[in-house]
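See the structures that follow.
Both of the next two complexes hold subunit A, though its partner changes from subunit B to subunit C.
== the complex of A and B ==
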């Protein structure tokens, strides 16, 4: 503690900028981790809270994916002796049309039994006609809203509000206002309750329910009731506690969460290198100080503890600031992620608040300190080993010893061999990820040596470019590889990460574009919702025939797509008129005979699956696919595997007739419309809208659907790119740090240069070239390691995220842009240190050391 | 002495038997082949606000095995709403509701029979026909109540019978074999009290034309009045089906 106060504090005060930069590395790493984790948790918690509040006292919920099920299921559930109460639910998100209020989550319930499951906690009971459920049931325009919503919109009992329904905009009467808390706070207060049968009618659900909420009879274990219902209903139903919805949502988000975690960890590792760099430099600079300390009797352990103590302090400060920054960023990120998940997954949730979990605060703090200590461990150990005599011989320490280089090479070779073995044997994800970690370790071990080779290789070019400044800059880097190696490593990792993610996104873009070209080729799409991720809005089964009667329409293909559970994971089932599809779509299958698979699927004798489904669910060609339906277990052989990006968790394509038979439903949510040659899409669109006047129908041009899909793909990668940007920023901070130290370190050398006639301009150029060279070496290493990292990232995507084997496409344009960006950033980063180098007092510089 | 002992034994036996027999007799005397009345109902909540409803009621069949149709006539918001109730001797009744605005019927699940009957102070269970066999009875004594001598009987649901109440106290008028009051208890707390008034003999059946149900937890009460009451009116079974409900409510 005394050493910290007497030695570290004055050093820290003298190098505030460098310490700030060092701490900034931790701030960003920890901040990003805390922000991403908190945002993800907030979105999940918001979803979970909405589910929980809506579920009320329900102990079990029965659903059949997004498809819903026939009303008759209710009686079978109510007949179970283990069931105390079973109430049907229809849920819909409807636009209120009220400015600034967005969507309202409508909960359609049966008020005759529902109040034993949900407490509506009604406001002003004497006015609320909802106290008389008969009126509420008798009037299908009855609505009960949450107090927050009512207050925001100055609504009271008997006020009327517009809502988008299946039959256009209709007005509803407020017949009850729920107090704050509980149900009234679900979906951020934007919640309304209406009669379930009225909801069926106004949202065009036919005689189907989305869900049944169940209260278990007193004294009966919930599991016993669940088992009894499973026996009574068969395999097509998911019977689970309300909390299971959160798990399904979590499963859907898992790929996104994992990619966020991976890039957060990358950011932290990059931050670690910055810390290592700073401490390595600090040890170098303070060698005389350390020598004196050792000469005065300080033990090696005391010296080591001094540096580790500094690292702990830096780690603590950085982590605390990081947690604060993370908390500030979390809400914005959560809003983004929330909006994004709603758009992609059609999930009903509204962000309430972003609470920072105390556990992530502790984890962030520990991680920040641990990272800092880990990064400072080698410099601290080096400091402890300083020989008091050698300590006065400046500069030599920066050189990598031959022994150290050899040890590194051997370690790198071993890591590389192990990595290759892991890749070769890497059937299990654990071995694969171990191999990935070893590959990163190999790159890190080799980085200083390769950086040295690259610098030596480009020295002639630099000398040719600027005989004096170029040679000086290159020599400075060659003589002090330790000073720059950490920065180069950080840059290498950052660039490799961006190349990896960029490569994956480029491959996905290519595949998505190809899929769009070959599969999404109708001229028009007719939908019941303008929100393409919504599967609950539907059109009647007669809509296809109606559209085919419109002048200019050649063919209409009815599609019913929605998510359903496959082995506990939500996957997409697409039911389409396959015979018609085969006439219009000619994409090459990944597995299976193209003609045969369409023929068998159209005949209801098989199903086609997406490659993502095959990869993630371990199902192959010829396997029997088992899908739970309301009519029992549907078993179909897999007759083809095709590329399909409809859903990230995988898609199953069946014929519409199979869906109608097994799901007992003939509705459709998308109609693919092909026009006759020469027909004007805009004119036909107008005709379709005219035919469906008064109904909720949206007609989209092919271009609009394509744009939507590409926009969603962009959104998917946007957050990753932001993280990659931050990683680059951290690496650039490293360059500034390195240069600042380099200048301080070489003050005497630069002073001598000036004293013997070196021009300020030349000094500036030297620093600039040095910076750009560091950047260039980092870029070369980063782009090279990026090529390997891209392979691992693609494999990671296949194994964990998407299940699809994407083509290896090196993102050339991105690499070029990245190189320019880093070199430009390096140059900008050098401006300050360069000025510092030329503006200092010559006398002081010559007196330095 | 032996006569006295014999008398006491007979009295004790009769005391236990009487309670059930009394309730059975109440049920027997109220039996009719059909029933029709115009009902009016007023709910007075804790703040004194009154909500009123009117309906037409038709019943066919005898106690425990009957069908009934209840058609709301007022207020305008509920006019046309109809209920079909099918009572069974061995289980809870089946009920369907027709809502004209939606033009559809719905089954009303009475799994939770504690639910209030459409905002009134009657629960669905209170309106069910009580099956005498599903309760145990004991005679608590006799007392003057409502200006008449009454038997005071305690009824407890048998193990096989699920009820929201732990027990009920029934007052039966000795002169007419009709209920004067029923008090329902939950965990020894009085939660609902039904009081029968305006006793009239209609076609030889003594009937309370007014029933007041008080919910002592909510501090509200509901007054049900039976007007234009007739028994044994000619009715057809076809009138008590879902088809008839749909047809006649349009």
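== the complex of A and C ==
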């Protein structure tokens, strides 16, 4: 401790900027980690609370995916002796048309039984109408809204609000206002309750329910009741406690969580490089001090502990600041992640609060300190090994020794061979990831040597460009590879990470574009909802024939698509008129015979699956697919595998006749409309809207659907841009750090340059060129390693969540943009150090040793 | 050529150090002057002020009639670039550059054409008898050779003023004598005004004029 105070503190005070940058590396890594986990937890907790508020006292919920089920199921549930109460529910998302209020989740419930499950805790209104549900039921336009929603919109009892229904805009009368808290607080108050049978009518459900909420009879274990209901209802139903929704939501967030995890890990690793760099430089610069200490009797352990102590202090400060920064960032990230709830409910999740879990604080602190200690370990060991006699002599310590270079080369060769072996044997994920880690290790081991080689290659060009400034900048890097190698390595890693994720995004984008081109070719789409991802709004089964009668329409293909559970995971089932589809869509299958698979599927003798479904669920051509339906277990052989991006978790395509038979439902939610040659889409659209006047029908042009899908796909790029931002931040941090040291090291050299006539701008140019050269070397290495990293990222994507074998497409435009940004950032990063270089006393600089 | 009027230099650190106090001095064109005195007497400070590497706390310095006080940093640099050549005790060569590149450095900084720079640098290295070491880096040279390169660099612009701070201080006696001979040679050939800060009596005696400094004052001004 005394050494820390006597030696480290003065050094730290003298190099405040460098220490700030070192700490910034840890702040960034820990901050991202804390922010990401806190945001995820906050969103999941809010989602869980919302699910709990909606579910009330229900212990089990029965659903059949998004398809819903017939009313008769309710009787079968109520007949079960284990069930105390079973209440039907219809859930619909409706637009209020009130500006800025978004959608309302309408909960259609049976008032006669529901109050034993949910407490509406009315704020105002005639309590009698709920005490006597018949009064509420007798008025089908009755609506209860939450207090927060009512206050926001200045609504009172008997106020009327518009809602988009299956039959166009209808007005509803507010007959109750729920107190804030409980159900009334779900979705920030964007929730309303109405009678279930009225909901069936206004939202076009026919005689079907979306869900049944169950209260278990006293004394009966919930699991026993679940098993009894499963036996009674068969395989087509999902019977689970309300908390299971949270797990499904968590599964939906998994791709995003993984991406964030990888980003924060990369940030920490890169932070580690920045710390390593700072300590390596500190050890080099403090060799005389270490020599004196050793000469005075300090043991190797004491010297090592001195540097590790400094690392622990830097780690602690960085972690604490990182936790603070993470807490600030968490809310922003949580708002973004919260948007995912709209994919399930159509209503954006309001965040209650973003609390930082004490366990995350401890984990962040430990991780930050551990990272710092790990990064400082090698420099601390080097410091402990300093020979006191040599240390007191002047000389060069920045040069990589021939022995070290050879050792690195041999280690890199070994790691590369092992990595290749892992790739060859990489069926198991563990071996694959070990191979990936070894590939990264190879790149890191080779980075200093390759960086040196690249700098030597570009020196003549720099010298030609600026004879003094260019040559000096390149020489500075060549003479001190140790000073720049960590920055170059950090840049290389971060650029490679962006290339990896950017390449995946680009590949997905290309594949989606190709899929859109070949599959989404109808001229018009007729839907019951303007929101393309909504599956609960439907049109009657006669709508297809009605549209085909419209002048100018050649063919209408009715589609019923919705999510259902497959082995506990929600997947998309698309029921379509396959015979018609085969006439219009000619995409090359990934597996199976194109003609045969359409023929068998149209005949109801098979199903086609998407390659993502095949990859993620481990299902292949010829395997039997088991889908639970309200009529029992549907078993169909897989007759073809095709590319389909309709859903991230995979798609099963069946014929509409199979759906009608097994789901006992002839509704449709999308109708693909092909026009006769020469027909004007705008005119036909107007005709369709006229034919369906008074009904909730939306007609979209092909271009609008394409744009929507590409917009959703663009969300992938949002993450890439975040990572590019991190890469640039690293470029700035690392380069500022390196240049600060470089300028200190070269103080005398720069002084000489000024003494013999170098103008300030010429000195600035030297520093700028050095910075841009570091950036350039980092970019060259990063883009090269990025090519390999992209391969691993694509494979990781396939194995973990997309299930699709994406084409390898190097993201050229992104690489170009990244190169420009990093070089620009390098130049900006050099402005401060360049000014530092031209300020100060020339006399002191010339005397500086 | 060089005029100092009431020049003082005070270093404000934890305690105030007066390096030069109220100095008046005139050095004519083509003079060769040795500046001697004990350590801390202000010799190097005087050289730095004349060379425009530092600014006086008080008083005025004129080079060729131009007052340095009103010049900006870049103007001061231009003055150094065009009129002053420096030779340092520790050579201050750039270790990564070859002999040729080190000598060419001030010329590149002036933006001369490459061909002309190359010719001048080679000629100067021939002059200091290092024409056979053009591509060597400083670490491949002996101390005397390094100082020769430094002198060649200082002469690259044919400066009217040559300032040398202990040019032989880091060399053995024989090499020191050679360097001194070279400086005299340059003085004779180019007619430059030469100021040499030295502790070495031989060097001081070789110069026609010797200034002795003591505690920031001129204690003696001897002409031979």
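As a convention for this text, the second predicted complex is superposed on the first by the 820 of 849 C-alpha atoms of A that agree within 3 Å, B and C clash if a C-alpha of one lies under 4 Å from a C-alpha of the other, contacts with A are read in each partner's own complex, and residues count from 1 in each chain.
Basically, contacts are C-beta pairs under 8 Å (C-beta built on N, C-alpha and C of every residue); 3 or more make two chains touch, one makes a residue touch a chain.
Since the model is a prediction, treat every value here as computed from it, not as a measurement.
Enquirer: Between subunit B (first) and subunit C (second), which does A:73 come into contact with in this model arrangement: first, second, both, or neither?
Expert: Touch status of A:73: no partner.
Enquirer: Once the shared chain is lined up, is A:334 touching subunit B (first), subunit C (second), both, or neither of them?
Expert: Touch partners of A:334: none, neither subunit B nor subunit C.
Enquirer: In the superposed arrangement, which partner chain does A:575 touch: subunit B (first), subunit C (second), both, or neither?
Expert: In the superposed model, A:575 contacts neither subunit B nor subunit C.
Enquirer: Could you say whether A:26 touches subunit B, subunit C, both of them, or neither, answering first, second, both or neither?
Expert: After superposing on A, A:26 lies clear of both subunit B and subunit C.
Enquirer: So in the superposed three-chain picture, is A:491 touching just subunit B, just subunit C, both, or none of them (first/second/both/neither)?
Expert: Neither partner.
Enquirer: Contacts for A:201 in the overlay, against subunit B (first) and subunit C (second): which applies, first, second, both or neither?
Expert: A:201: touches subunit B, not subunit C.
Enquirer: Identify the overlap between the subunit B-contacting and the subunit C-contacting residues of subunit A.
Expert: none
Enquirer: Along subunit C, where are the residues that touch subunit A in the complex?
Expert: Residue list for subunit C touching subunit A: 48, 51, 53-54, 73-74, 77-78, 80-82, 86, 88, 92-97, 101, 104-106, 108-110, 114, 153-154, 157.
Enquirer: Given the complex with subunit A, which residues does subunit B contribute to the contact?
Expert: Listed in rising order, the residues of subunit B that touch subunit A are 43, 45, 47, 49, 51, 53, 72, 75, 77-78, 80-81, 97, 99-102, 104, 106-112, 114-115, 118-119.
Enquirer: Which of the residues in subunit A come into contact with subunit C in the complex?
Expert: Residues of subunit A touching subunit C: 467-468, 471-472, 475-476, 478-479, 748-749, 751-762, 838, 841-843, 846.
Enquirer: Would you pull the subunit A residues touching subunit B in the complex into a rising list?
Expert: Its residues touching subunit B are 74-75, 78, 83-87, 110, 112-113, 115-116, 125-126, 129, 131-135, 137-140, 197-198, 201, 215.
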